[in-house]
Structure formats: C-alpha cells, structure tokens
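Can you read through this structure? Questions will come right after.
Going in written order, the chains are labelled A, B, C and D, and every chain counts its residues from 1.
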Amino acid sequence: MTVSLRVTVWNEFRHERTNPQVRAVYPDGIHAALAAPLRGAGLDVRTATLDQPEHGLGEAVLEATDVLLWWGHQAHAEVQDEVVERIHARVLQGMGLIALHSAHFSKIFKRLMGTSCDLKWRVADERERLWVVAPGHPIVAGLPERIDLAQEEMYGEHFDIPPPDELVFISWFQGGEVFRSGCCFQRGAGRIFYFRPGHETYPTYHEPAIQRVIGNAVRWAAPNEPIRPRRGRSEAPEQIA
Amino acid sequence: MTVSLRVTVWNEFRHERTNPQVRAVYPDGIHAALAAPLRGAGLDVRTATLDQPEHGLGEAVLEATDVLLWWGHQAHAEVQDEVVERIHARVLQGMGLIALHSAHFSKIFKRLMGTSCDLKWRVADERERLWVVAPGHPIVAGLPERIDLAQEEMYGEHFDIPPPDELVFISWFQGGEVFRSGCCFQRGAGRIFYFRPGHETYPTYHEPAIQRVIGNAVRWAAPNEPIRPRRGRSEAPEQIA
Amino acid sequence: MTVSLRVTVWNEFRHERTNPQVRAVYPDGIHAALAAPLRGAGLDVRTATLDQPEHGLGEAVLEATDVLLWWGHQAHAEVQDEVVERIHARVLQGMGLIALHSAHFSKIFKRLMGTSCDLKWRVADERERLWVVAPGHPIVAGLPERIDLAQEEMYGEHFDIPPPDELVFISWFQGGEVFRSGCCFQRGAGRIFYFRPGHETYPTYHEPAIQRVIGNAVRWAAPNEPIRPRRGRSEAPEQIA
Amino acid sequence: MTVSLRVTVWNEFRHERTNPQVRAVYPDGIHAALAAPLRGAGLDVRTATLDQPEHGLGEAVLEATDVLLWWGHQAHAEVQDEVVERIHARVLQGMGLIALHSAHFSKIFKRLMGTSCDLKWRVADERERLWVVAPGHPIVAGLPERIDLAQEEMYGEHFDIPPPDELVFISWFQGGEVFRSGCCFQRGAGRIFYFRPGHETYPTYHEPAIQRVIGNAVRWAAPNEPIRPRRGRSEAPEQIA
C-alpha cells in the first residue's frame, strides 16, 4: 500500500439525520465510520455526501480519487445522472468502486452491472455468517474463515447481478437464505467490489473484521497504472499484402 | 430443437437501401439472409426493422420471441429508449439475444454490458480466421476447429466488455490484431451471445459455417423454463427464535 | 433430448450391501434409484459398480457412454488408476460427468479438478435448502427457486475446488454453513457437473426435484458434436515471409 | 511489494549446457536471465535446477518460497513425483506459481490443471504480438497495450486448459494462429499465472516488457496472509434443534 492511495467515501447521509436509531449507531454518519479505519491505515481519505453541490463528486474530486466507496439507500433517485455518468467513465478508466450493502440499488452500480440488481430482503434482527470461498484472495488477507454478525438485515438470492468475476464471500442467514456477499467485477480498467453487510441500524461498520475486509478491498480495487488502449479506426501493425 | 422455437431477426436495414455495394451482397436485407437458414432449420422466424412502428418490436412481438438477433450500425441512436428498456426486461426474464458484429455499439448491448463496448476497427479487405477455444460448447457443435473468412472488417482488442462468462472464439486478423469474437454472457435468466463477423460489404452471412454458428447460438440462447425468483420483502423459511 | 442419449450410472454399491439403514432407503442400490427416473425419461441407461470386472467400465462401455454418473464414498482408493485415466481421457474428448455427493473425493473428480476437493462435513439430520443462483441455466429448467431437504449430511465451505465455470446452486444448512452445491466445469470438450446432495442414509434421490436436477444435468452434460482440435507440430495456415 | 518477497526460479537447465545456440542466448542459463531483473527489483531470489538433489526443491526451500517460477522442456518426465506433490501442496496453501512457456507440459502444471495442456506448436522464426485484454489487471501495470516479439515459437489453440479465471493476454502469430498467452488461475489459496513466451533459442527473457510482466506476475501471485480453512468433521456453529 502506498501512502498516496486516495479514497473518497460517499454516503447518502440522510438516515443519520432523520432517524435517532441510526444516529445512535453512526452519530457522525456512516461515512465517518467508514473513513476512520481507512485513515488509521494511512490512506488519504475524504468524504462526500448527497446534499453537497454535485453530491461532493465534482470532476476534480473524481480525478483525485483512486477508490470510491458508496453507501446509499433511500435517495438513489436523487443522484444526478450526469454525476453517475462521470463516475462510470472514471471506473472504466481505472478508478476502483466499493459498493456497500443497499448500494446494490444505486444508479452507478446498476449502470455498471447492466441488470436489475434486485434481491430478497428482510429486517428481523437475525444472525448473518459470512463464509470465505476464495481463501487466497487479497480481500480476505488476515481474516478468519468466517465472520459472524449478531444482527443484520437479510439479503437473499436470487441476486440479479452478472456472474461475479470472483466470488469471495457467501452469507448464511438465520432465517434460511444465502447470498453472494462479496463479489468482484472487472469493468474496463476498473475494479468493483460489492460487499453486502451494513444495514444502517446495526453497528456492522464498527466490527474490526468488516473494517479489515473494506480496507483490503480498497487496496485490491486501487488502479495499477492501467493500460489506456487505443480505440477507433486503427492502422495495421502488419502489412496487408 | 423444438419446432416452436420463436426467433425474431432485427435489422437496421439502412445500408441495403442506400449503398449499392451492400445491396449487391444482401439484396433483400441482412435480416433476410439471417432468417433464411434459420427457417430452413425449422425455426419459427420473423423479421423486424428500424423503420417499422416501434421498430417492429412491440410488446406482443417480444412476448412471442424466444431469441432476438440484432444487426445495427449507423443508426443506433435512432432506436427508442423505451423499446430498449422493453428488450432489456425481456432478456432478464429469459429471452435470448444474439448481438451481431456492429451491434457491439447498439443501445441494448451496451445497456446489458454496462461498459463502453468500444474497440479498434479497420476496413481493409483482410483475412479473418476464427479459432475455437471452447471445443465442447454447444455453439461450436459440428464445426471445424477454425473458420476462415477471405475478407472482413477488422475488430481489435481491447474490446471493452465485461470478461465473458464463456469465451468461444478468438479471431486472428491479417493486419496483426486479435479479438474475442464469440462471447457468452448470462444476465438475469437470459443468455446473450456476441458474434463478431458480419460487415455489411462482405458475404459473411452467406457462409455455411457462420450460419451454423448462428443457428447453434439461437438454440443455446433459447430459454429453458427459467426460474422466476421472488424478490423484495420476504418471509423467512426458517423460524427466527 | 434425443432417445439415443446413452447414460452409465456408476455406484460403489458397498453401503447398500453392508448397512441395513442404507439398504432400507436404497434396497436395489443407489444406482438403481438414480437410473429409474432417467429411464423413465426415455434415456438409454446402464449401470456399473465397483466390484464388477474393470468396475464395469471397460473401454467399450465408456466408448458407448455419453454421460457418466458417479457415486462413491468409502472405497475411492479401490478404483484402479488405469480406469480413472480411461475415464479422464473420455471426459476430455467430450463425455459428460455428473459427480454426486461424496464423489467430491473420488479419484476421477480430483484428477479433473487438480485440487484437494476437501470440505467440512457433519451427519446430524439437519435441514438443507438449495437456492438457485443461475435462474436461466438449463440445469434448473422447470424447478422452483429453492429445494428443501428435511434431512441431509452437511458439507461446508471452504470446498477446495477451482472456481466453478458456472455456479448453479448454493446450499444453506441448519447448523450454520453454506456450500456451493451445484457447480459446472468445462474440461477439454467435456462438461462436468458436481451436485452435492445424496448422503446414503437419506432418501434424497427419491425426491422429484432432485431427480429433475439430475435429469437436466445429464442433458446439459451430453456432448454436442465436439470439435477435435489438431495438436502438436502444425503447418502455418498463412505464409511466413 | 515488500522486500521480503521470496522467489525461487526453477529451470531444467539442460538446453543451455548441450545446445550452443541456446547457450549463446542464455550463457548462464534461463534461470539466471529470469532471476536478474527480479533481484534488480529488490526481491529475494534463489534459483534451483533439475540436476540438483531433490531438483533444488527440498521442503525447506519450498517452505521459504512465496512464488515459484518454472521453466522446463525436454525433461519433464525426470521430475520426481514426490517433488511434484510437494509443490502441489504448497500451491494449495498459498505459494504462487508462474509457469513459463513449455512449462505447459510440466508435471506440476498438468497436475494443477487436470487437463492435457496440449496445444499446437511450430518453430519458424515468426513474429508474435501479445495483446492485453485485461487493461486494469496488476500483471499489465505500466505496460503498453501490446508487446511485439520479432521471433518466437508459435503456440496455437486449442490450448487444453480449464477456462482461465482471468485472461490477460492473447497472442497473434504471423503464421495465422492465436493463443491465450497470459492466464490466471486460483487453486486452493494459491495463484497461478501461465505466460507463454520464452522459447530457448530466442532472447525473449531479455526483453524489458517481458521482464515487466514477469515481475508484475510475481507480485500478483505472492500470498496475502491466506485463510487456512478447517476441514473434515465439524461442529455446527448454530444449535440444531
């Protein structure tokens, strides 16, 4: 990890201001809870939220972002299409994207997946257990073979995403469902990680193991001097007789 | 193959009416050339074109379509977004889609891929040779290990698509490029096959081996009584103590 | 499905002869229980067992087999290496292989996977629930979105297999584990399906939904006029100046 | 990259001692040519060769190896099966493996792939051009979009490997073939990269771009504190009523 890895944590930041139950868990917002351990690991972290101008994601910010984290839930529709297209272009150029929990329904994630991204869900204070199915993947470095969460929202299959390029975690839920909870995608020169846990009323992002996954994912998703392929009409490298 | 497999061949059908060189190769339109061998194989084939109402793709037509073939080039932008969304929904429900040649830049293909779908290209009357890299795949049933085309347009990497779920063909071009020419994707309950050859000024779709690939692909992409997962808020199958 | 699809069901056939509990569930052997519904669907089915000469898998039998089903458990080591290599060669040429339950540890499955194929297990009369994660796959044609089994052995992750080329089912277990229960692999021109359920003391193979999966898998795995690529020293199709 | 990354470069080291043409290109052996740029990048590199005791790959050496490079050609059969099994076990535990050129037919690569690994080949002093098809992959960091080699041996499809988990390079050959030249595989906790170029009579491993690929691959394949899953009979994390 280089010290110059530049991370932007984006949060809708609505629940925390309107719902006391959420504020009790994340008093400074989910973005603050996500940013703190990344800063603690020496990354260069800024935050951005929905109600800032351009949602805090102007061109200069995105140009200066190596990896973007996204948490949104109730206000996906308020994100401007122009900003979505700007993020989309940056991902294809190599910017990493970590889509968290209800970001499965964000405009940017659906735009990149090309599918409905729909799923089953239930809020019933049930146990979730994430099992590692890719034991050598950088995203699980230093983790135990499973992560137990005492209470979480359930997300259940079928999750309407493209088959992941790499499947890292599968969740078990107390109520009887399973879910592909950690999914890697390559799109253009960019790397995308979808990570399921993180309902706003549970202290999931305060869990050290969850923080470790997110930190690992940020480093995995960071660009590596990506190639910029030439496209369009092209001269032949060989002579055509 | 069942006799009831219902295929709709969609063609932009502009080049053939305005360019004598194209008309000489495909006097009745590319759709007619694509439809004939499928009809000969006993499939139930209809055609549709851009300048028909709703581009010939009204709801009733799509509901009665198991597999949709798509050829478009110069008028991608004229395809109505509403029709694109209708096709998209049908693919996720299980309708197959065969995207041919310049359909890489069609709205529906880009919508499903979530990437730019950009590539290199060149029209230089050069040789193309398609090599099979998935020898047991249903799409190559009964084919030789390679297909040689005397003259084709070149498409070159990097082709900005998601990593294909299955890679079936790789093309060699005389001018020095390669291309992932036969690519399978699963999206929702639908199956998508992108097949590269088919520039409008070359008689590619009259080649028996190419017709065989397309016929195989239609049968591969046809829906198989797909599952209709329930989504949204869901009761737990297990009791949560 | 053609009537000429030729299936060989292989069973170790030891538990049924030595363990009354198993014999009560499968009085004629697991192979008989597997063969019956395939025969009922019009397939040409034979059976073979460990204690036959060459384990019932002489060259002529394998040459006349389109798809081989494999159930083994306690006597994997008794299968002769020569027969394993013969099966292996046939799979690479296009014969389908359905590896059932404890066949994860069979010589032929390990030979094809190249990994340890190890896993967690427990026999505790617990519930298993298989969720479909590939809703358009031919192997799930006509099924509901999940299959519930009242009692099964548990298999848990990490299952040490290569990442499956297609993942069709994920199992939930009452005791808290998950498992990739339906996995497709392409090897050479052959198609392999691993399907988890089927512990010998439970009536799993009498379940209509399980029988449907196996029947679908047999049709999916059957060869499709595979390509026989030339290999070794090769003349150039192009002139090298 | 940490300074402690420990690399072992294994070479058969026969051609260089018996064939003056090879010795002219690699006077100190292919292993020396491979080791030098890795040492120059600060890695901890040792070499090992076939004719050393245990082929230079005793248990202590393998335990102290993060990534193993393998070049072999004419003497694959002389590698002891016991050493192959030792390497195999280490890869599943997390050791990286870079299989170079004719190592496609090495015992360890075939053992891990489970397929024949056969291909077409020709030595005709022809041009090879490697195109990047995964522009954001760490293995192509800092590279141009293609690598041109003035003279190389041809390897052609169908290459009988499992579908790669990630496909990074596709080669174009002057004589008309294509090849999946850069292939990533996950097996157990280990990462494997097959990289095609490197025939012993051409100065391929002296090319800076090729050295860059190999250096990137070593870093990509290095273990990341992999998980050690528990396997075998397991207690249930949940109570089974």
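In the analysis below, a residue touches a chain if its C-beta (ideal position, glycine included) is under 8 Å from a C-beta of that chain, and two chains touch if they have at least 3 such contacts.
These numbers were taken from a predicted model, which means no experiment stands behind them.
More C-beta pairs touch across one of C-D and A-D than the other; that pair is C-D.
Comparing the centres of all chains, each the average of its CA atoms, the largest separation from chain B belongs to D. Taking each chain's centre as the average of its CA atoms, chain B and chain D sit 36 Å apart.
Between chain A and chain D the centroid-to-centroid distance comes to 32 Å (mean Cα coordinates, whole Å). Residue positions 129, 132, 134-135, 145, 156-158, 163, 165-166, 173-174, 176-177, 186, 188, 227, 229-230, 237-238 of chain B each touch two or more of the other chains. Against chain D, the residues of chain A that register as touching in their complex are 94, 127, 129, 132, 134-138, 140-146, 148, 165-166, 174, 186, 188-191, 223-230, 237-238.
Per the touch definition, chain C reaches chain A in the complex via residues 129, 131-135, 145, 156-159, 163, 166-167, 170-173, 176-178, 180.
Of all residues in chain A, only 92, 111-116, 118-122, 124-126, 154, 156-158, 160, 162-163, 165, 174-177, 185-188, 227, 229-238, 240 touch chain B in the complex they form.
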